[in-house]
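Chain nomenclature is as follows: A, B, C and D, assigned in order of appearance, with residue numbering initiated at 1 for each chain independently.
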Amino acid sequence: MSFNTFGQMFRFTTFGESHGPAIGCVVDGCPPRIPLTAADIQHHLDKRRPGQSRFTTQRQEPDAVKIMSGVFRDEATGQDVTTGTPILLLIENVDQRSKDYSDIKDKYRPGHAGYVYDAKYGVHDYRGGGRASARETASRVAAGAVARRIVPGLSVRAALVQMGPHKIDRSRFDWNEVDNNPFFCPDPVQAEFYATYLDSVRKEGSSVGAVIEVVAEGVPAGIGAPVYGKLDADLAAALMSINAVKAVEIGDGFATAAMRGEENADEMRIGNDNKPVFLSNHAGGILGGIATGQPVVARFAVKPTSSILTPRQTVDRYGRDTEILTKGRHDPCVGIRAVPVAEAMVACVIADHYLRHRGQVGEGRAWPFPMPGA
Amino acid sequence: MSFNTFGQMFRFTTFGESHGPAIGCVVDGCPPRIPLTAADIQHHLDKRRPGQSRFTTQRQEPDAVKIMSGVFRDEATGQDVTTGTPILLLIENVDQRSKDYSDIKDKYRPGHAGYVYDAKYGVHDYRGGGRASARETASRVAAGAVARRIVPGLSVRAALVQMGPHKIDRSRFDWNEVDNNPFFCPDPVQAEFYATYLDSVRKEGSSVGAVIEVVAEGVPAGIGAPVYGKLDADLAAALMSINAVKAVEIGDGFATAAMRGEENADEMRIGNDNKPVFLSNHAGGILGGIATGQPVVARFAVKPTSSILTPRQTVDRYGRDTEILTKGRHDPCVGIRAVPVAEAMVACVIADHYLRHRGQVGEGRAWPFPMPGA
Amino acid sequence: MSFNTFGQMFRFTTFGESHGPAIGCVVDGCPPRIPLTAADIQHHLDKRRPGQSRFTTQRQEPDAVKIMSGVFRDEATGQDVTTGTPILLLIENVDQRSKDYSDIKDKYRPGHAGYVYDAKYGVHDYRGGGRASARETASRVAAGAVARRIVPGLSVRAALVQMGPHKIDRSRFDWNEVDNNPFFCPDPVQAEFYATYLDSVRKEGSSVGAVIEVVAEGVPAGIGAPVYGKLDADLAAALMSINAVKAVEIGDGFATAAMRGEENADEMRIGNDNKPVFLSNHAGGILGGIATGQPVVARFAVKPTSSILTPRQTVDRYGRDTEILTKGRHDPCVGIRAVPVAEAMVACVIADHYLRHRGQVGEGRAWPFPMPGA
Amino acid sequence: MSFNTFGQMFRFTTFGESHGPAIGCVVDGCPPRIPLTAADIQHHLDKRRPGQSRFTTQRQEPDAVKIMSGVFRDEATGQDVTTGTPILLLIENVDQRSKDYSDIKDKYRPGHAGYVYDAKYGVHDYRGGGRASARETASRVAAGAVARRIVPGLSVRAALVQMGPHKIDRSRFDWNEVDNNPFFCPDPVQAEFYATYLDSVRKEGSSVGAVIEVVAEGVPAGIGAPVYGKLDADLAAALMSINAVKAVEIGDGFATAAMRGEENADEMRIGNDNKPVFLSNHAGGILGGIATGQPVVARFAVKPTSSILTPRQTVDRYGRDTEILTKGRHDPCVGIRAVPVAEAMVACVIADHYLRHRGQVGEGRAWPFPMPGA
């Protein structure tokens, strides 16, 4: 992907800084005649929006999205539909407090991108991380809300499955619980524990990491492409591009290293509708970079928020040793709000591959094939 | 990345199937006047070449590379140098035995890409996996050999750090041992164990997974780019695109999920040469998608080879239940030969980002910066 | 180029429709630390702005641009500079009169994109041409204003050299006259004639075409690239992508067809500063797709405005024969306002190639070269 | 387009130099299951092949193409079909005579790319122009032969319509005559004149330019895209990227500058099959960058061959004034062999846009549309 543009057929370009006047994105390549209103997008932005519980940053941003182009009223239905041309989604920033950062404007926060941006560009937008802020992810969620509407029957859901060292109990995994707690946790028992745990982390002026799992159902078999446009390669890039993500795995992921061939490879049978059925899903729905038709399953790790209230050794941009203590307003576990962001990125990757596949192959060939001579 | 092309400024496109007449790649965007001979590339191909020990496939391929374009004799030095135009690297296949596959030509091998290619394209090149074969990775190694010559002072090394459930002992990690055993293992004690272990796996007609670690030193601070062209996002895609890879992590990777902010974020001090020094490298050399100047560290998991001698349930392309047992010639641990492939992919990503950075920023600004008014 | 994004290293994506709330662009890949204010951009937009004379559309758009991201105050100089991250340039539409179009909302205007957009997308934004409106070119001018600041010493100027069948007199060509008349005409005598001529065209409810010439000086020798990234190929695409353009030529263009080899090929001599001097510039500053260091010269034809007051035969989107007469507010010679647009596009192409060249080649090799053995 | 790769969905990357061991291309993104044999491609290469008459270079190259990957025998039909993966097309060079160039190895040929390649790369492949040779166009013809098979019902034909100052007589235009003379001239009377004329040009050691016209029929209405991926913008780039091309026009092209709106805009009526019929085709089949369904018509100018037997002033790469006289073997009118090359490039652009359109829009909406409320 190039700079700030994601995708090939379904593409979006994001812009904006944490403390600038606005953030947002331009979505391009979207198929025409898809019903789309600001409310459709707002619904997803509201899940990611900060300041909704004591477990996320207290910055108050309504994240109200405006559709500035690319939709038009369809006279026949009275609905606003996409036109197939660029969709500008604009979100104004309203609760910047740049002076929170004036004490540290020449210092680099350990674990943040301040130093590397300065090493690269010679510019240091110290106000809340500037372009490197996780605030950028609101734009991803907005683009993802469009992407979700492209592939018929697609469902993309994510959940937090580990906070700090504490994993959920898989036997209690319930998608319906995800929206019942402020952690997007599918295990209601562990969610209660997380509340206590994260309170203590926050009060200590510390932060903690997390693991998120994303599951996409209804991904058509055959989308994806060899060998550098693999669906899993693009998913890995998409998830790794989210702020603070340090690891990505598909299906059984790192666990496959310890497996034997006969444990790992998913066997097949012919199912009732004459389609192949896999007897397991170690592959996480992808083989050879192409979707098998099973659920696509990915997991990724989010590192602990680097902005903490504990003093840390660092340097400033004039080459001097110093100390830093980041006040500002921060998430004690930035992994929580990565949940809707991950859903958005996975939806974008799948929408993009769906269109790319349709371009190259069109309707394709109905499986199974007739036997030669039959 | 698009289809079979990797990279933006430093680009390569691979072609060829396991049992076709040849494989190879076209490298494009390479800077001019870089000395390059076939021997420079052959050196790296020889590391990946099959049939060198009983622990890899017994297919005998010399993997002899020919440079068919893009170099020219420099009259002043007598050296062959790159011209800046496309470099075709051609490797002929010589030891195809397609009839090994005739028994299974209509069946899908579990864990392989046979079914998904057929679902996508309606074509089933059963001969050794066709385009989906790991044989394609020879082309990557060839491209990587060119990439290694682009960034001054860059070193990229990889090693196998886990086979099956057996990790190396980190206290014995020695890069010099990597070429002393057939596993690219940096722990000589564990390497001996791996020989016995893999023999038993092989004799059981089974296979096993592995974890590989790649370390790039000499990566200039500042290369990489926000926010969808992140260095780690591109590394994740590059490594995930290697056959059989199911997981990728950067720096402390999945372990960061369990960490506190004060453990994870790398503190900084001013070093002797007035450059910043990091006091640790949990980040694996990348923050905000941009290189910090520390070693770039990545790890990835390779699943166990799916072609095994144990009978497995599967279906054929005509919609019938059946069984399969893959004879052919296969690696009992395909992760071993992923080691030189990983080095190549990481070298390509870094070369590409080096050129992209030079394009946007040029010489850049010398760090540290003068104090305003000073 | 993909959809609504132009360029590879220096990139911009435009959005917005003629009668939507706003138009604009996101510029990405811009080098950092380039001083940039809204006034720098406004200066160029004001040249293209409609309603400035009776010879252009009477729509009153201030085309006031706002920089919404990608610049930051440099503390040392007090200047706003680019940060190297996306620059959102937003221009609000203020003088939409969509009801002008309500009579013709189901009809296709001959010569316009209405039918083909509908054939492609199944959506008909009849309000002033929607996305296909020449209003989009304001975004190009904004992007071009940024591009102009990238290549040191670059100057890009354009002029109208033919209106209808009436060419300028080349012996009177004077760049200083271009801003002295409402036609960007470098021949002051012909400019007076054009005023009378265009008045009569306008009063007849008709329109007329034009030819524009663009000259870029200070283009570094060596930028451009074989063989599909040629500088002239990208210029041709960039100019052809401007609304209503039907032809592009470089240097002597179509006239070269009638030439002999000895007339056309530009001879060379060594100049005073030891650099090569060309004795003519039939090539228009480009050979083999790469800049020679001479002025880059391009010309293009703009067809007559298709919206005219004369009734025309057409069809509607429901498959019925009908007639159309376009009231609205239109340019009698849309070629006039193509002049600043052409400058912008040429500046963007050159900036993009400058960065692409710097990426691949870096500082390059000082010409002439030392003789081997000398 | 990037460097040596053309296209987005239907892509090809060419490689090779005039006097290297081989040239060719890798075609990627081709839809699967398209019947394809070397003979299908050879047919088109044979039209471009040199040495077939006294009017083209006497270099004897069989241009025998080999398909090295990307096709597979379909068991059901016995046909070789594309697999959807990369197709390597390899053409060996057999009649290099590099010593023809040894006299001029340090000199730049006026009108050639020698100087600019050297200024860019610091490398001078003097052997027949190296990568800048028109020999590269054989690779384009090979790729084009694949492209032609993608869009159902597409026909792409080209003809030479002007040699030197001598245009054909349009009233005698007959596509059936094109293959009856060595000039691809559709006017048999003018073809006879060209034989005499070009003989005299050749004997004088000179060369001459030409104009070629390309017509694509069966281009589906709706392919193409706003606003930087316009069909005509991509055609302009594709044709301008052919060696020696200096101008491109679509439809009435430069002539539109002199037209009135009522002359130029093509009126529409409903035809017999309820599809729109245009009453003229001044637009050349493209409006707003999107195909109208009419024939796509383009014309381009090819400059006279720069390698001539007349001595010319030039410089060498060591900064010295000198003279040059190019012996070698050259086309007196390189425009002739541009005819099959142009067909190939136009076929590639249309195939690419066809797939891009199918990706974004799929089946689309049947025109005309139902009336709301009807």
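What we mean here is this: a contact is a pair of C-beta atoms (placed from the backbone, for glycine too) under 8 Å apart; a residue touches a chain by one contact, two chains touch by 3 or more.
Note that the coordinates shown come from a computational prediction; the quantities given were computed from them, not determined experimentally.
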| item | value |
| --- | --- |
| Result of counting contacting C-beta pairs for A-D and A-C, higher pair | A-C |
| Chain of greatest Cα-centre distance to subunit D | A |
| Chain centre separation in whole Å, for subunit C relative to subunit A (CA means) | 38 |
| Distance between chain centroids, defined by C-alpha means - subunit A, subunit B (Å) | 26 |
| Whole-Å separation of chain centres (CA-atom averages), subunit A against subunit D | 44 |
| Touching two or more other chains - residue numbers and ranges from subunit D | 2-5, 8, 14, 29, 32-33, 84-85, 120-122, 131, 226, 361, 365, 369-370 |
| Touching residues on subunit D, where the partner in the complex is subunit C | 1-6, 8, 14, 108-113, 115-122, 131-132, 136, 162, 164-165, 201, 206-211, 221-230, 232-241, 243, 246-270, 274, 276, 279, 282-284, 287-293, 301-308, 310, 312-321, 335, 357, 361, 364-365, 367-371, 374 |
| Contacting residues of subunit D [partner subunit A, same complex] | 8-9, 29-33, 75-76, 84-85, 226, 355-356, 358-362, 365, 369-370, 372-373 |
| Partner subunit C, residues of subunit A touching it in the complex | 2-5, 8, 11, 13-17, 20-24, 26, 28-29, 32-33, 68-70, 72, 74, 81, 83-88, 120-123, 125, 130-131 |
